[in-house]
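Presented sequentially are two complexes of subunit A, the first with subunit B as partner and the second with subunit C.
And now, the complex of A and B:
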């Protein structure tokens, strides 16, 4: 296999892995803070992408803005509305069910996900059809042999890295991040230390959902198309990625996301009927990994008082 | 005395009622329609539904019609499992005499056994998989549009004549895509074309960069796509993102307005093939388009609306002739020969297949599907990618 082709595969894998990683980090944040699986996460991504599309449609129709201003407006609107949606979900669906078995929260968010998805299909004009997403990022590309490097892909990859680094910084270098980690580790002690539990949980939901919105917008710019079902698949993959990385660990989620993308690429390239079975291959490996390391690849650090 | 008064009033009311009600009240007859009203190909399903509805409305407005028709519509979502449920529901309802069914081949092939079991005569209006009529000899199953065998023959013929030698095939893994792959590969092999690689993809797959990267390495002149519009749009868009320069050659599955709307300028130069002729070139095309526009439906008839209309007309004609009886309609449909319709003369062979051999070649030019012979590409004024 020549080097240009390999580079192309790696680039494709990185882009897709970045999107999976963003979704996985969201799942892991929700689990870390509240021990809940928020299954509407993938569909929050979809709503975020459609929010960005509506922003574009509105601004474009009003003749405002161009190129970069539109991009920034779309990202900002999408992020803030999804942060809001995430907080609403946390406040009214997840927090009240804290004392119930975790399965109930999983089910209720799963159902909420369906409601969100079908609402987009029903209420967005012709929602059942895939919608073209504007190509606002510069499309110039350099071809090095078999490798086609596009500027917009490189920009998105860089943006994704910055966002993840930003989340990293938030969690590890700020007081807010310290509070989130404290709540994730031990709710009772954190409350005793004076941390406002409810506020921290809602902020964690907001951050996680904002990440979903960014992933949704990125998805839109990468494929130049969004549809009402995009979150379903990404949610499942993001969840699987968060699990193999280790629920509760940000690094694990990132690792899981890129690992899943790598498995899909290997599946397509190495298997004879690769492309039709790449998901089968990738998920089969996920099953094996979970059997080998049930708590995830990144070792969990818990100590329990006996 | 009161008893007499009550009896008299009742008698008067009865006489009055009988006098006011028109002498002949038409019997109500139900006919059915199944198509993908939701999901990625809903544009075609809704166009087909509107066309069938148009046929029923025009018939109800016709004073010479013997019956009052009611159209029962069900959604198969282009998913085989949902289609079987819809088909069972429709076939089990004894009041529905016949139905125009299915745009998606995967759903049409899944439901043939259901219609046969319940004895519901159906006329397929959009699905092109040959097996639907040819796998079994079910007297209930008929089809007004052609099959993919002719389509792919014409496809391979045109491309090899234009001088293209190397091909890559992408097809979806439903019966529809697999059928196209099978017939196109055979047709191409007969004419000396070479398939460098075949890739099966999921019908709702989002990401094709892995497959397209492999195709880029193989460097074919043409990428043949056997599948429907939603993933056709994605593959074409992602081809451009990876910088692949090749002809995008599709089938009847991408001949839709939704394909052009989804891609904008990228759709330029896409080839596709379809049974029959563009609606306005059909024998009854202008009549159909005029009546359709008058009803002010929300959706366009799309590529197969005229076939759905013709299918429903055939059903209504049959019921008018032999009455609302499933068995009699099946017998009548077995004798369909040179029946006039807006798509031309319909003749069913012994498998219920309309022997329409007309295939139209299309190319996207300036944001519209243009008949190949009328296009600037055929005249040599524009060139397809990598055309010599």
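And now, the complex of A and C:
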């Protein structure tokens, strides 16, 4: 295989890995503060992508905005609405069930995911069909040998890196981040130190869901198409990535996301029928990894949670 | 007179009337009536009485339930549509009974129930077309194959708990659908035709004539489904009441404590998971033959969630609740055509409401009854 093609595969893997990593970080945040898995997370991503598409449609119909302004408007609207949605989910679905068995949280978020998915399918105009996503990012590309570096992909990758760096800064360098980490480490001690537990949980839900919105918009720009079922796939894969990373640390989640994308890229290239059975392979990898290392690749001292 | 019998008679009469009416406003009116009646019965404490009676006097209530089902079927003996609906209810109940053994008794999560149902249906599609195996054996093989394929998931399910096990089964549900869609041997997205059931020379897909009365061919399937369901029902009740059921309950309530008392956690999880998938597979195999057609789109993750919804609505662990909940979930969208499109949305909302306000389900599982009829 020549270098150019290899670089192409690596680039694609990085793009997909970035989306997985963003979703996985969200799962990790929720699990950190509240020890729950928010199974509707993937569908929040879908709704985020559709919110961006709606923003575009609205602004476009009004004849407002040029390329870059449209993109910024789409991202901003999507991020803020999803942050709001995440807080609503945390406040009305997850927090009330804190004392109930963990199974109930699992079920309620699964059902909520279905509600979101079905709402998009039923109430978005022709939501059952895949929707074209506007190609607003610059389409030009730089060719290096066989390798075709598309500018939009490079921009998205850079944006993803910036977002992850921002989350990292937020968590490790600010007072808010300190509070989130404190709650994640020990809820009761954090409370006695005067941290508003409920507010911190809701903020974590907002941040995680905003990341999902970014991943959703990114997904739209990357494939130029979105559909109502995409969140289910990204949710399962993102959750698996978070688990591979150990479900405790942000870095683990990011690592898991890219690792999963790498496995998938290798599988698609190396296996016969790889591309036709792409999804089958991805889910098989999820199941096998869960069987092999249910506590994640990054070994932890305590493996109580499994 | 047992309160259970009275409830059965009322429900049967209501059910026949509900299936018979066609006008949409009338259907909505009847639904409202049912909701009000149920609420009233709940406030008066009758519901608890009925529930108790169902737990205590199963020896009387199982036969009478069979009689009730036969009465409904006899009433609609020439109506293809309604009989198909009833067969669907019976087979879905059979499948949810299997799910109940996993979920309700042993606490093993399975969000791929529709996939195992589909495995059963595809088994009957392939075996009926390619081989000359007797069709009753095909039913059995549908269950066996579902259990076997399910056993591939045993390792990850055993090694994980809670959310993680849920992820494994969800991944499997998505995997199977993706696989069926791209696999040409199994018909791809278009699916396969399934030959109808034949036992000896008796084809289930021919109408029956008794004297001058024409009986729909679905009556064949109805009788077989009812027999299967009754068998599975009695089996699962025996299981629940036996020491095995006690073990499974202990496992669900506290795995660590159960293993401290010497229970082999892995063994009982395997038993419950395999037995449950076996029942689901049999139900799927017969359902494939009834419908005459299988396609990947009928066995999606959303359908698995519907089966789980039935379990939650009915009250986890209570087989009688399952019968009622399955009836509601299957019949409602068929009678109210406007709901058909919105059914996934509706059921998810219903389950969210149940989880928030009545987590134990409509008919909660009564306390374990060591000696039927005995009271301290």
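The rule we apply is simple: the second predicted complex is superposed on the first by the 279 of 306 C-alpha atoms of A that agree within 3 Å, B and C clash if a C-alpha of one lies under 4 Å from a C-alpha of the other, contacts with A are read in each partner's own complex, and residues count from 1 in each chain.
Going forward, a contact is a pair of C-beta atoms (placed from the backbone, for glycine too) under 8 Å apart; a residue touches a chain by one contact, two chains touch by 3 or more.
All of these numbers come straight from a predicted model, not from anything done at the bench.
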Query: Touching A:115, do we find subunit B (first), subunit C (second), both, or neither?
result: second
Query: Of the two partner chains, subunit B (first) and subunit C (second), which one does A:174 touch, if any: first, second, both, or neither?
result: neither
Query: After superposition on the shared chain, which partner residues are touched by A:130: those of subunit B (first), subunit C (second), both, or neither?
result: first
- request: With the two complexes superposed on chain A, say which partner A:291 touches: subunit B (first), subunit C (second), both, or neither.
  value: second
Query: Touch check for A:66: first (subunit B), second (subunit C), both, or neither?
result: neither
Message: Is A:189 touching anything from subunit B or subunit C once the two structures are fitted on A? First, second, both or neither.
response: neither
- prompt: For A:269, is the partner it touches subunit B (first), subunit C (second), both, or none of the two (neither)?
  reply: first
Message: Quick check for you: in the superposed arrangement, does A:103 touch first (subunit B), second (subunit C), both or neither?
response: second
Task: Would you please give the residues of subunit A that touch subunit B in one complex and also touch subunit C in the other complex?
output: 233, 276, 279
- prompt: How about subunit A: which of its residues touch subunit C in the complex?
  reply: 37, 39, 93, 96-97, 100, 102-104, 106-108, 110-112, 114-115, 118-119, 122, 232-233, 236, 239-240, 243, 276-277, 279-280, 283-284, 286-288, 290-291, 294, 306
Message: Applying the document's contact rule, which stretches of subunit B touch subunit A when the two form their complex?
response: 38-40, 42-43, 173, 199-202, 204, 206-207, 209-211, 213-214, 216-217, 230, 233-234, 237-238, 241-243, 258, 261-264
- line: Seen from subunit C, its contact residues with subunit A in the complex are 107, 109, 111, 153, 155-156, 159-164, 166-168, 170-172, 174-175, 178-179, 182, 301-302, 305, 308-309, 312, 341-342, 344-345, 348-349, 351-352, 355-356, 359
- request: Spell out the residues on subunit A that touch subunit B in their complex, using ranges where they run on.
  value: 2, 5, 8-9, 12, 15-16, 121, 128-130, 132, 141, 143, 146, 148, 150, 153, 223-225, 227, 229-230, 233, 264-265, 268-269, 273-276, 278-279
